[in-house]
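Here come two complexes built around chain A, the first alongside chain B, the second alongside chain C.
Presenting the complex of A and B:
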């Protein structure tokens, strides 16, 4: 797993394509039990792709939640989450709810936040998970099929 | 008092207080006590009490109106508790849904690993396991089984003439026909290509020939429409019964030899692998 959270202009390739970093971004490579994470400060976008069932959920989600909190508190710009998560264990579900709760708090405080829940078009039942997560939130939460 | 219920201590206290006030008021009103130094002291004391009661009555509503932090804190905690319960229930609900999807996927994978995707019949690996279990059972039980090696007649010709897609349709129709022909508890698998294997547990040759007769008849009833006409598939069957000490591989080899014999004899029939041999007439 690689992690980049230091400031400074540089370019790197992480599987999502080459990107330029000039702010506290967070990049985590996918493992067999954790999703790839690309938190792009400049783009105001947090993208997570893969599955999440790590032994220690806090190891990965603490960093993500901290990044989200920091962005919402300091960036002064909308935050967009793009999630392509095929499977989450119970601890990861709880962590995602923590993240969504922070988006809701930001939304209530006037900071725009949105989620795009992408699911595999071959497995429409995974859209139901997005529906379950979306319940109770009033910020923009889009559920869309992803063709492979 | 006619109340026979349990005495309320506060009410009793109030009654005693009222009785005392009444008695003191009577004493103060009695002119015979005037001039007694205690009378004046009692008079002053009663006036003082009345003044204190009046103060309390003024203060009490003000105290009620003054803000207390506790109701608000309790409400805040109660709301946080409700929110946490909702979050927990939501996480459980989502987790349960994932679990259901995983279970379904596991079942689908299990099915895919044990069944032929074209015909839906058990595959060779699954059938081999069934046969091995049957061999193990026969070590303990004095029973038997028969294997039917079934092969589609002139299948290459069907493929070459009508194309592989039609060939697949023929295999599917045959598989459905086999499923309808075997008995409850029997297995029929796609053994490979156009070859199938049926395991008839507990069946001797006599029972197996009844199944084979039914199977041939059902296959002969298949008429698949095609732009070039009708396709009427046929099958040949070799039948072998398990002998003491044999493994299913040896039984299969004998059934396969009987199948070859059925082909040599003109197809569309079964041949028994038995000392006396045996075959059924073509339909």
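Presenting the complex of A and C:
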């Protein structure tokens, strides 16, 4: 499978050993225009926190989508997304849809997938963004406020 | 503090230059104040600069109004409009001075915000944008949402990772008055395009 070799290459080029390759986690630090990403293979959880407005979404989303595809194809366990995103520009919204579409396909094929959308209670715009995503999908999609 | 001209410099000329700069900057400041301009920018715009200005803008509106929704709306319109200019300049292969942007964020008397963004474009591109903005300006919020969702599902041309048309619809969804667009003729088949969004 091409996704396999892509992930393997990535780990090897990062200098990780065999153990890492069997549980490929993806950790990215936040920048001013990209969120922090923690994709934890063992926990079956992809967490994204911050704001996302890179000029070119492939800067971060290609590797996230690859990780999601790999997990859904190989892990044989439920995948949970925990999203705390205050702001997404329109190209990031498109990229999120690419991720959610894969979750929907998995859900339709019987692999449980879910999204927990957490928003800052002071920022209703984030809640509205979550609502607009949720209307297009049938997998479990929870939206909850957080106090800050 | 008065900076003395270097020895040997013609003192009279240095004084005259300082006075001229001082006077024009002062009148520029008066203009900014009377127009209630919060932040403005004119020149080559980098992605870092877009972030920095956006962050300052968001903080300022959030702190001064205690309203994070307004801050996020203005921020989001500003980001989409600035990134559209960056993408356009890159797609056209512009080098300075054409790859520059003019961005002004102002408050209105009734407490709304106006984001204006302008750049040099090829005349046919400007005319196409004028038409596009007037079509969007005629739609109500429901129609804009439907168009937005439709556009979201359009396949992207290969190699294009930007929003490709989605950005402007998103801007139109956040405005409290119809989106405005104007063209000022320049030389050699180019115009200066201005898009103005009231939030």
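Observations on the structure shown:
Everything below uses one rule, namely that the second predicted complex is superposed on the first by the 125 of 148 C-alpha atoms of A that agree within 3 Å, B and C clash if a C-alpha of one lies under 4 Å from a C-alpha of the other, contacts with A are read in each partner's own complex, and residues count from 1 in each chain.
Definition applied: a residue touches a chain if its C-beta (ideal position, glycine included) is under 8 Å from a C-beta of that chain, and two chains touch if they have at least 3 such contacts.
It should be emphasised that the depicted structure is a prediction, and the values quoted were computed from it without experimental measurement.
The superposed arrangement places chain B and chain C in clashing positions on chain A. Of the two partners, chain B and chain C, it is C that touches more residues of chain A.
By the touch criterion defined above, A:36 lies against neither chain B nor chain C after alignment on the C-alpha atoms of chain A. With both structures placed on the common chain, the touch criterion links A:122 to chain C but leaves chain B unconnected. In the superposed pair of complexes, A:81 makes contact with neither chain B nor chain C. After overlaying the two complexes on the shared chain, residue contacts for A:93 are found with chain B and with chain C alike. Look at A:26: by the touch rule set out above, it reaches neither chain B nor chain C.
Contact with chain B, but none with chain C, is seen for A:133 once the two complexes are overlaid on the shared chain.
Across the two superposed structures, the residue set of chain A contacted by chain B and also by chain C is 87, 89-90, 93-94, 97, 123, 125-126, 136. Put simply, chain A touches chain C in their complex at residues 32-33, 53, 55-58, 86-87, 89-91, 93-94, 97, 120, 122-126, 136. Those residues of chain A whose C-beta lies close enough to touch chain B in the complex are 87-90, 93-94, 97, 101, 123, 125-126, 128-129, 132-133, 135-136. Put simply, chain C touches chain A in their complex at residues 47-48, 51-52, 55, 68-69, 72-73, 75-76, 79-80, 83, 86-87, 149, 152, 156, 161-163, 166-167, 170. Of all residues in chain B, only 86-87, 90-95, 97-98, 101-102 touch chain A in the complex they form.
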